[in-house]
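Got a structure for you, questions after.
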């Protein structure tokens, strides 16, 4: 197992490197001179020439990439054009806010989806299954940015029980999920966000558990006199590796793909940051956020893979 | 090299009886015939497609004609059956026209990605070795981006516009479709009938054409069909962020975004584009599910 | 509760008890109903089995032999299956039993082993866990005691270095050891009846005979009744006391193993024996039964074997054959058997 | 190597060659074996560890030499994991061998001047075990049969007519079954299609890899009869791979016994079945089930499963299960030695002066 784990960690290094290449290439592909995007439009030619030299833009592209990578690895992602603050600081600050709602959504979606999916798999073809699959299909079909608006109309505008947008007075520095006055700002974003992973994980759980229940050994378990719950326990342990993979992907999607939800709820996370950066064409922030988020995604997948080895004996002893 | 005379040639030409047995696709169609849910949503998709195609004929008003006097009117106001938007444009006309762009955003990237990703996947799966590694590791890098992030990143740096949006979405879908095609090909490649084809001396291209494609197309097609709804949602999402279709072109995602300010005035009217996206994406999802079930042959 | 009693009540087999059969199946029929068709997998099967007797059900694929076994355990999917007729095992009326009561019987009074030990064991649980699970389920004992019992059972089925194998996962064992582990699961609660569904078919020849000898020995030591399903007449000759030959969902011939194998009465049994290959047939065609078994989704008029039969006559096409008795406990369902 | 030399020599000088009637495609003459295999070897590497280093090999086929005479059936028996199927795929060149050479009717296969792969496959075909994967599920079976000739340049209509002829020959009415898909056929019918497909290129030799193993007994008998008829009609040579000793005895002229990737015994069917010399062959034959209920086995002839081919035992690979194993068996691998006319055994007990205390033969 240790060999497998070490191998898996080594394998994610080239992927992470590839991710940095893509992030770097994005700026190259962007229309206009990259140096232009680093400077205010009214910069003088001397300033441009100076920066060109400092950032190494006069060198060949692979060298430029390596220089950029070197700076990125040391934590220097450049300076935001809008706030003039280091991009790293902005992104990390926003990331902690994103984690608040994505982890909340993850916990909600995962637990609900796993229970519903298992129930559906056990009662496949029966009303319980149809209802659960119906919820799942709606979950993956509904545009969640629209659902967010609808929820705001209902809970904030009509009922007035929950705040519509923002993070409350506390701000990101002292936000606590355990204080209702602050936590209530996270309720609607979390609800909206959890719907898609709920649908996807439920479907995966359902098909994975149903597939296991079709295996020969389930006949054997029943022949041993085990009841439905004991049989399900076996099925769940067998389906777990597959479900875990999808859960990991979904967690990554939530962290990396919260841009729409955060924009709607003006939640000051990475997505909101990127949304602002797009509007203002703040390329260093955009690039920095993408880099940090995709590397986070890579490491989440890595952790899930490692977790998987712990639950699957077929890998554990390999 | 080939000497046909070495074969035992048949003595007489025979007439083959009419096929009494259904082929694979015919039996899939037959199974779909009894799946009323799928048929119902297929009909909805057809309706949406037809409405979009004939939008120029059906739309009662010019979708881009603004009117300051008729801003944010409720449904049924004067001739505006579904009300008006924040610039006084007719909602019904805009929804009909918007279907065109939204469907384009759903279908074009998936189709393009299926061709490109499918081809790459089949090549990777069939050749194996370093070709496989080169293709699949590159895919892994793109797979290492959350799809929304990748779409936003690409169209964010390329700049907005529906063309860039579609390019971004295509790039987002290629890795996953490529993976499906690769794993299906790898699976089929090791089956006995492919070995038998190789044992009869067939060339690589002939084996791929006659024996691999037919068996890989199914899973790829099913997966791609399930991506259409994702593509519609993502495409509308990009427009919603101002990265997709540019105003004043009507598009459901964009409409949703510009109408956001109006939710306190006319919540129902403002929800309409979302409803349209939801119904379309739901229909594609359910039809894709139905297709998956119908194509699941148990031999 | 009732079940635990049944197990404890078991006395050593005496002559008097032999006259009271352990298993009685009367006119069992099993239909699988789907939207497209009704598949009559079993059509009126009757047999009985004394305690500590071994019955081999012989038949080819689709003859209904496995379905009969699964019906005895009520393992068939209840929604799509229609079971008619009577089944009794010991004091239990299987047909009338509720699912909850049936669960208490499965694995304790009646247990089952399957063909493919690779797929019949749960891949993510250790062998020890899977044996102990059954013991804990039926004997209400703790995990420690159950594990001890599991070790005992692995010794019983002669698994070498059992302590180590207890902690092994199925994929870490060879085919023969996996099959022994499955037998250990089945024997864990001292069943009165063991159902074996082609347990040696997937094994290599040298391993198959080891498992057969083991099963035979365990059956005699533990005094349990066994219903053994196989398509291999050689396996039946090795292990059976009684033999039932099934064709198209019916028992076409029944009797003591020596009688059926040495003096078969039904043309199908005769054909099966003739088409079983031996070396001394070299250079000659095998006397194979022509054609293939009937489609059980279509109604069958007359004898189901008639289209492939050598001694077929007009009456076979129109009437169901009667069951003829030959005095020595041998029966055959054929107009022309003698 | 050395074994091969005298096997070949002995077979060629045989008094009554098995080769049947004249065949215009015959190149090497009646005495030339159809196929000579010399020192064939295939290891599948096992990689493990962080860098996937090569840590060992599955020695699937390890230095196998034999020849197949014209018109005969060579049976290959052995248990699962002994390398039978790998051997079949090596013979068909479906997987590359690590070393070894093949001579088909006098022509070496491969190399600059040798027989091309395409020509080899015209002359040598294979029937796979009936399974869901043996036929393309998306093609009607007549197209599957016609595919080979089409590949070799036959026109579509000719290939289809040939396919229908062949389907009739193997006992499937082409008009009724030709247009069907594999899932609409029974196991026996599919296997007939597989045989028809192998015949479509008019080969001289067919490798049958567990071709009847998955079939019901009554169907197995039908297919075995069919194979006999086809062999006579088309003047075929068979390599028949099976784990079923009774079937091999019925169909084979000569038999090769494999254990863990190596040949342990090879000889005429009578020599192997009447006087098996290798302890493994004897155990295998003793494991056959008697059809007589009064003749029951009380002790299995051999205990344990075949060991894993990853790290086979040193010396003689069978010694861990052999009742006669001595120190020499662990120290030295026995080579094939002649034990009778057309009978070769790889066991120290057969060779005089091997260092083993017993001597058989």
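Residue numbering begins at 1 within each chain, and the chains themselves are lettered A, B, C and D in the order written.
Just so it is clear, a contact is a pair of C-beta atoms (placed from the backbone, for glycine too) under 8 Å apart; a residue touches a chain by one contact, two chains touch by 3 or more.
All values reported here derive from a predicted model rather than from experimental measurement.
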{"item": "Relative to chain D, chain with the most remote C-alpha centre", "value": "A"}
{"item": "Selected interface, A-B versus A-C, where C-beta contact pairs are more numerous", "value": "A-B"}
{"item": "Where chain B and chain C are represented by their mean Cα positions, the distance between them in whole Å", "value": "51"}
{"item": "CA centroid of chain A to CA centroid of chain B, Å", "value": "24"}
{"item": "Interchain centroid distance [CA atoms averaged], chain C/chain D, Å", "value": "34"}
{"item": "Chain B residues counted as touching two or more neighbouring chains", "value": "none"}
{"item": "Residue ranges of chain C touching chain D (in the complex, touch as defined)", "value": "60-61, 160, 174-177, 204-210, 212-213, 216, 231-235, 237-238, 240, 257-258, 261-262, 271-273, 275-279, 281-282, 285-290, 292"}
{"item": "Contacting residues of chain D [partner chain B, same complex]", "value": "25, 89, 92, 94, 116-119, 121-122, 125-126, 128-129, 131-140, 144, 147-149, 151-154, 157-158, 160-162, 164-165, 174-176, 178-184, 194, 197, 200-202"}
{"item": "List of chain B residues in touch with chain A within their complex", "value": "137-138, 140-142, 144-149, 152-154, 156-159, 229-230, 233, 236-237, 240-243, 253, 256, 260, 263-264, 267, 270-271, 273-274, 277-278, 281-282, 285-286, 289"}
{"item": "Chain D residues touching chain C - in the complex, by the definition given at the top", "value": "79-80, 186-189, 216-222, 224-225, 228, 243-247, 249-250, 269, 273, 283-284, 287-306"}
{"item": "In the complex with chain D, residue positions of chain B that touch it", "value": "1-2, 4, 6-14, 16-17, 19-21, 23-24, 191-193, 195-203, 206, 210-211, 214-215, 297, 299"}
